[in-house]
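A, B and C label the chains in the order they appear, each numbered from 1.
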Amino acid sequence: MSDPVSVRRLGRGAAPYLLSLPSWAYLAAFFIIPLVSMLSMSLAKGNPLVGYAFAWNFAEFGKAVTQYNTQLIRSFWYGALSTFITLVITYPVAYWIAFYGGKHKGTFLFLILLPFFVSFVIRTLAWQFILSDQGLLLGTLKALHLLPKTTYVLSTPAAVVGGLVYNSVAYYILPLYVALEKVDRRVVRAAGDLYASPSATFWKVILPLSAPGIFAGFLLVFVTNVGDFVNAAVLGGPGTRMIGNIIQYNFFDAQNYPMAAALSSILMFLLILAIYLYARVFGAEQIQEYAA
Amino acid sequence: MTDEKTPKNRYRLDDPALIRGLTQPRISRRGMLAAGAMGMAAMAMPRFARADSGAKPTPLDAKWEKWWKEQKPTKELVFANWPYYMDVTDDGKDHPSLDEFTKQSGIDVKYLEVIQDNASFYAKIAPVLKSGQPIGNDLIVMTNGWQLTELLMQDFMIPLWQEKIPNFFKNASPSVISPSYDKDNKHSIVWQSGMTGIAYNPKLTGREITSFEDLFDPKFAGHIGMFTDLSELGSAGLLMAGIDPTTSTPDDWKKAAAKLEEQKKKGLVRQYYDQSYITALENGDIWLTQAWSGDVFQANAKGFKDLKFIIPKEGGMIWHDNMMIPKGAKNPLSALEYMNYYYTPEAAGTIEDYINYICPVPAAQAFIKDQLKDPDVADSELVFPSDEMYAKVHEFYAYKSYDDYQLWQSTFSPIVQG
Amino acid sequence: MSGGLDEGRQSPARWILAIYTGVFLIYTLVPIAVMIAFSFNQAPNGRVSLRWLGFSLDGYRNAFAIGDLTTALIHSLVVALVAMVVSVVLATPLAIALARYRYRAKTVTDVVIFADIAAPAVVVGASLLSLFLTLNLPRGLFTIFIAHIAFDVAFAVVVIRARVATLDRSLDRAAADLGATPWVAFWTVTFPLILPGIVGAGMLAFALSIDDLIITSFVAGQTLTFPLWVYGAVKTGIPPQVFVLSTLIFVGGAALAVANSIVAHRSGRS
């Protein structure tokens, strides 16, 4: 943390570079260089027995798209749907804590984070317990003859999206809260003073001001969910495989590393594209300029 | 952990209920084992098969003989195995057969339950072995299948010094000697074999299950489990199509895949499961499923007394889990000594009485019956199968090359991955 | 931090939101309640079953009977703590640079941070593994540290930066004008103001780390963390100790929350 000192001495030009250096060095070594090796893997040729060697072989990309386009599209669909549902159900909670939490804001945030004290594998497993055919929820409804014996929720897309939503809620509340907490109360009061209705105040003032939080949450949740395979594996069925399952399958079962690397590269590219489009459409840059 | 509450003497073969029809719920795993076996078909009564295969140790080549003779005995053994694959005391803390080994040999065993499936274990160890580093285990257990073949093809396993495991040649069942995937047991000897058939919950299916045709019954739509393992799934497809998996051809595979695809398209399949199928079956999510023999009995012991296991009339599969010594092992002589110990009726019997798959040591049958006083296990057709039983089950298709394996994979993986 | 504006307002919307938040909290805690309840279920053969077989404290009596599981839990805690501290220390200067300066490398840095967040866990894990293999670095706790810090840093930067961006720069200029050295100004003015961001980033990093399964599975070698152990056990059946240990951790967390609220109460009064 001695940076601010040296910063001033060395002059304003060097300051941001010095401040950036530690993270930069770390990310270069353990994020960028590994990615390069992954990209080169996607262009490799060979098999698990003889090993894989770099060969400018773009064929895996073609195969990846033709074989697995269903799962790619499905992943983005599940990801988008679960992100949207998460946003809708968590926004009021973040709003309430930020505006009405009073002295107990910290406590409420802690309560929101409480489920994190249980590993998400176990939380997902608990949903399997709850949603099981003869489990706490369906079993009870079936015993009351409110549902036919054959009804099931597990193994359906609804179960997978539900699992994704549940596992994302805290990741959306935190950035939303941070953004709403920052909203200048005087601006809100000014809107009221100017006779804006509460709903107009919300839609025209508060929601736009919380856009950075919505964007940060979108980054956290959408990306995690598109690439997830645990919910599909624990709660899903034959028609719910996501691209994460396919990548995992190609790495660990088929040992087709180039295919797995190609799929990972495609997924990465599509996600960056999605984030870029989001930023373009909703003007994340202006939001950040405003924030700065 | 509550075994003491379910006295094992409660259900004996002389219990009239057991002899009558074996439809009564019971608690002890051992009781259920007998029930399952007898439920399959009125099975033969105890036989005391002799090993006597006449197999002899195969000599090592000069290089490996020299290597083995240079090894110094150690007092340690690191054993990597699958979960629930070793006898354990009721409090879950001790493994009596391992303690006995330590007592006899002075070798301390570090027993690790780290292998959950072949593919991911392979993926974990192969890069390490390729780089010439030790994986930290002296003894590993893997199923005959592509990953094992790959390990052997890449020469990652130490050839066994067979002179040091005389008990194997004295006591092993002929069914585990010189298997097709490892001729002359050059690198491996069997830990356990097991069968793949169909498990079901008669309360939910409403009738007995006898055939693969039941896996196409629309009444069970959404409640049928199949395996995600492509060797298992493909083999089931082949058996459904009336083809022997062991000798099948790529054209047969296509027919089998079409059959499985039809089953999926009709919405019959609930999920393609890994080991977790047994939980889904216990929970009632699935009513009938492809299954491994030992799991159902362990489920019975857990309190899920309704579950049954059968070999369908079209046939079932048999597989083998094999002990091997990976290169870089620090205690290879201890590993050999353990292998030799395992192939005694006492050790194999003690372990078998707990895990209930197929015992590779026929003489353990008498030990379990006379010494452990557990005729249910000793008499079980699933633990000590008869020749008729062996005739009903098939060995997996042995992949001839990577391309062969890839073809199988690409034929069947779209079903699971779709 | 005072909610002065809203103190006086008693709109119905406020109460609807309060009730909604309560319901929401219940929803998030239902699976936890299920886990706690089933940690008291009898577990013959050492596996938890969905069916209620009877009340038992055996799981608690033998909470640490599975040595591997206990070790895995310790691994997880150590990894999460180390990753939390290191990633926040690395991320804070970068976050300040990004929020306060315009410089040539800024766009590139933004892209890298975005990419690190956008990189699906599978990608991060697989790419790191290939690097470690090339370097012939044996996998274990050390490589788990490296991997966890690598993904925590980017998240920490985003959270801290959001906080720094809200600050009025004139505050430290004022401090400087009043004769404070930059060092003093940072610790007395800037740091306390961005501390909530740093704490938030640290909490997020800890949560991400302790929960990570996918990346860890690539770089862990034979070392198991708690989620890895449990995910493996999902296939073969969950021993009651998993629910028991999770329950104990959860109760510990809840106790902490209560303590936290009491402390907040007291400091609020003073």
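Methods note: a residue touches a chain if its C-beta (ideal position, glycine included) is under 8 Å from a C-beta of that chain, and two chains touch if they have at least 3 such contacts.
As the structure is a computational prediction, the values presented were derived from the model and not from experiment.
A.B. asks: Which neighbours do chain B and chain C have in common?
C.D. replies: Chains touching both chain B and chain C: A.
A.B. asks: In terms of C-beta pairs in contact, which two chains are most connected?
C.D. replies: More C-beta pairs are in contact between A-C than between any other chains.
A.B. asks: Could you tell me which chain lies farthest from chain C when each chain's centre is the average position of its Cα atoms?
C.D. replies: Max centre-to-centre separation from chain C belongs to B.
A.B. asks: Can you give the whole-Å distance between the Cα centres of chain A and chain B?
C.D. replies: 40
A.B. asks: Averaging only over C-alpha atoms, locate the centres of chain A and chain C and give their separation in whole Å.
C.D. replies: Once rounded, the distance between the two centres reads 15 Å.
A.B. asks: Specify, in ascending order, the residues of chain A that touch 2 or more different other chains.
C.D. replies: Residues 132, 134-135, 251 of chain A touch two or more partner chains.
A.B. asks: Quick one: which residues in chain C touch 2 or more of the other chains?
C.D. replies: Where chain C meets two or more other chains at a single residue, that happens at 50-51, 234.
A.B. asks: For chain B, which residues are shared contacts with two or more other chains?
C.D. replies: Residues 283 of chain B each touch two or more of the other chains.
A.B. asks: Which chain C residues qualify as touching chain B in the complex?
C.D. replies: 42-47, 49-51, 53, 56, 58, 62, 65-66, 68, 129, 133, 136, 138, 221-222, 224, 232-237, 239-240
A.B. asks: Using the touch definition up top, name the residues of chain B that touch chain C in the complex.
C.D. replies: Residues in contact with chain C: 1-3, 6, 29, 82-84, 88, 91-93, 112-114, 116-117, 124, 127-128, 131, 133, 135-136, 274-276, 278-279, 282-283, 298, 301-304.
A.B. asks: Taking the touch rule as given, give the residues of chain A at its contact with chain B in the complex, in rising order.
C.D. replies: Where chain A meets chain B, its residues are 47-49, 51, 67-68, 70-71, 132-135, 150, 152, 154-155, 236-239, 241, 245-246, 249, 251-255.
A.B. asks: Please output the residues of chain A touching chain C within their complex, sorted ascending.
C.D. replies: These residues of chain A touch chain C: 1-5, 7-8, 12-13, 15-24, 26-27, 30-35, 37-38, 41, 89-90, 92-93, 95-97, 99-108, 110-123, 125-127, 129-130, 132, 134-136, 166, 169-170, 174-175, 178-179, 182, 185-186, 188-189, 198, 212, 216, 219-220, 223-224, 226-227, 229-230, 234, 244, 247-248, 251, 260-261, 264-265, 267-268, 271-272, 275, 288, 291-292.
A.B. asks: Which residues, counting only chain B, touch chain A once they are in their complex?
C.D. replies: Its residues touching chain A are 119-120, 122-123, 126, 130, 150, 153-154, 221-223, 230, 264, 269-272, 283-285, 402, 406, 409, 413-414, 416-418.
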